[in-house]
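For reference, the structure is listed below as structure tokens.
Read from first to last, the chains carry the letters A, B, C and D; within each, the first residue is number 1.
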């Protein structure tokens, strides 16, 4: 299974093609649409939303409701394409946005309107692809869950057990502890009111992965496969498995996960390794935390450079923008994890 | 450029084949050997070393001292192959080691002697491959440096400027602040004396990467490419770019890297993004921190399972083992970063 | 540069996504459309055409007329989707068509209408992708030409010089010798009148490829790269480079291409090797012949099997069908060759 | 399963690394050695052999006689490394050999001794890799056979049934009709006596491949996968499936393979499609013919160019050379086909 995502924020449509998808899956399109709704901006009362229906259309790969094994193409039309005053940003890159790097890569042919191909809007087809992947995983008894683990220093309750994530998926603000979620919301609104943005982190678990998949080597190790999928999500700057960064502070006797036998199966009593040893799944949930940087588009003035004149200039982003993408990124991270899990399974 | 690493801890030899390497590089084998020396255990007075010369032999791909473009094969003979009492571990996996996952993957055909293909010894050919990659980078004005950023809660001085890493490479204990390095050493020796081990982290920079390489999409984004190479290093459990996990605690106005013009070139005043925006290099050093878990092999008793009888048992690893791989992993992380940089450059 | 083609003969649309395309190409869409016209059925007075405008729509990857380096998606709407009496074929596979193999692969979920994803109609997006590839090649002084070398035993004049192909592209029946072309047309019409079909071959040249690209090994040898692209064209069953099958009948002294110096450059006096030695381009035109099997859909009665009952049955294809795809396949073969050449060039 | 072949004709050793090989295969090394013997020059009384034991040494990936799933490295030492008068050829490329193309690719750093990495000697590790692949196939009831179908216009008997190939493997001159084989041998000896060489073709069948594998698209179609493996065999210039080039001379009613039911299974009465329809296996043997050009190294004088002075010169290859590689290439073609079949099976 491979995929290609295409489209720009202000082009006619965005979409994805999934190649190598197993035949015979009864595709639940409502479920795909539901995942897209979770990702949609504006519903949490935080971001001023672009009005988009985000209705996915299947162009190929499904016949009489089932996948045929041929490439599955899904397209979402961009209906709200007001280009606004993006022109002002054409030659003055926003700090820490893809503008400058993209300008160089495209040799000056960057679609700068709304972030172009770098837009967070491109996470919609990724979410749709992930929703299909989730259905393939479900057939094999595997599911993916996630929660916001922190926003701007406000931490959600610890995930004692991956099962707890099952209740999170339906929440408009996907946390384990709703009181903490409310604190996070306030932190976001505070930043917004100051023309600023905040970052955060998402913790995710893939539950039901069989033991023995992957390998220690480049190209096949499970951490590497997951990381490659996760870093393709805009805003992700760090990926840490199991206990993650805390492992640097631990002794082996604390970090090691003791083996035990449960219902005849070998399990570990803790899961600091995040379900992966030596690059191979060990049968425990594959868990990781992804760090997301704050949205680079902010209303506060910032230092930039005019790429034509080479002069230093100041910019400030007007109009709608999103003070925190972390809540809406939860289904996107799940999608990337689901696609990674499919690759690990050899689907 | 692609590579394959092969070998087992107690097999006749370990090695690597590099395919697609550019022709015409004047290969400096002494430099390769020097990198292997940095990786060699036992020289820091911490680990009881296996006696290995780690002499690399080039089997192919070099003619009259220069690469020909044909696959470059390097082999290192295993001279010290005492199998010791590994037999005891055959069916009782060490917690958090690759033993159990490898046992399942190999359908019981695991070379369990000294970790087999999962052994840290396999980082020798990786280091050799990275040493070649470094020479390719040097031809293009790019270099790679790293330092131990923390061990068991002892933190090295902050890397104010990547140039500081140039002085670190020659040190037996690769830190910026030697006093901190001595504290780290003591923490390791303390753990060792208690039959335990410790984890840590390594910070790395690739300096001189041109802007405009990579892309936001799966398969071509620079973070994903680096991560895939880094997670192929045993013990790495987390990879965080630029300010990394700290980005979750920041506001956009703090995290964003302001643009400026320096000697006619666009630069950023800070480098919280680690030289990558939108998955594309921005011309600043590519920086990241890798978290390494504590060595799972410890002398303290641990809970395991007998894979034949299914009974819970206790194990304790006797004989030589390494209380901390972080110092020796510095050249290995550099090697993985160099190979990643070559891929990003399209070499 | 990688591509994915999607769509089915009777689905809403077919298309292609090209990833990794270089930025800055001034895309000539009329040229793309012109290549699609060359491929369109019905214009040669031979096949009864499905009425399709084959108007390509660019969904992404182009901004202000130039490629941005982001994925380039092109879509063609299926306007003529009369499903006709395909139902009759659902469980009785046409001999030598993809029906049976596709039925097994899809676990019975085959879109059987008009060949589904196996339809020759899918060569339209391939041709569009190839038209873009041709423009990338043109920027580098490389062009692709082809002619029908034989149909049902009628052979076109020998291609003495690849330059002769330049005149062929504009012809409705793309041969070097129009008298031979008329004989071929008669052979096709004769077969058609008998409810049968005919096969043939196409000879193609890529002119201007620099020497020194490729390699002898699996994954990088030029013949392998071209073959992989060419066999993705439906109907292609053989690919032979240079003198091809005739090499089996030759002595080395006849087959070897003598070297000479022309305008200061090393050239070969003959080109029996098809511009490739040791898997590497030698600077001469890359030439090959592709064999295309006769169209499997014929009106004559054929032996099939009812996949439900397992009983042997007889079938005969009614309605429009194409007695020979070779003339229309010329731009498709050129497209596949152009995509292969881009891969060899590392675009 | 992926592989990398390394080595040069006159380097210390040649070898191969196989990655992703399934665990648990009881590796029969004698069988590997037997295949290498079939490939060895000099035994047919035709070529003056280089004296090589071609003893394969397994460096990794096998434990207690079984594959572990870790990379399997096999090495063959070059014992006969007399460099002879290769120096004379350094700057005067042999027509149709890889010399000139390799010189350009390597930027002048070509190991010119005995063909270097372009040497037919590199087919030894390929044969060894294929021998392992054959054992994996055998576990699944699949086998590979081949015969010389023609040499310099002398044609072997037609392969009525793939089963006939079972008797060919053991023959020193692998043909179906030994009388024809003797004629071929005479044609070779005649060419040799005149300082010349001859080409030929090999027909191969992979028997037992299940139906439903592969797909029509680039990257997954079965013909493309086989072709990519086959063109990595030096000397192969054409690959034609099933009836191959003859399909261009046929009508659909002749070419189409009628379906029938045999022992409850769907089969085809003929196999002109070579077991592949729409890029997917149909359950019949996968059959193809590979065309091999005459050996370019001949004793007759040939036109070359001095790459230093740019002057046209005449060369003639002295010393041992091989007037026809076709007989020895039979196990090599089988090896490439076995590796391709493993890829199609997803091993």
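Details
Methods note: a residue touches a chain if its C-beta (ideal position, glycine included) is under 8 Å from a C-beta of that chain, and two chains touch if they have at least 3 such contacts.
As the structure is a prediction and not an experimental result, all values here were calculated from the model.
With steps allowed only between chains in touch, the distance from chain B over to chain C comes to 1.
Looking at which of A-B and A-C shares more C-beta pairs in contact, the answer is the pair A-B.
For the pair chain A and chain C, the distance between mean C-alpha positions equals 39 Å.
Measuring from the averaged C-alpha position of chain A to that of chain D gives a distance of 46 Å. Annotation: 27 Å between the Cα-based centres of chain A and chain B.
Residues of chain A in contact with two or more other chains: 4-5, 19, 69-71, 105, 117, 215, 217, 219. Residues of chain C touching chain A in their complex: 2, 4-8, 11-15, 17, 19, 23-24, 57, 59-61, 63-64, 66-73, 75, 105-111, 116-117. By the touch rule above, chain A contacts chain B in their complex via residues 3-5, 93-102, 104-105, 117-118, 122, 150-153, 191, 196-201, 211-219, 221, 223-225, 227-232, 234, 236-245, 247-261, 264, 266, 268-269, 272-274, 276-283, 291-298, 300, 302-305, 307, 310-312. The touching residues of chain A, when paired with chain D in their complex, are 19-20, 69-71, 215, 217, 219-220, 346.
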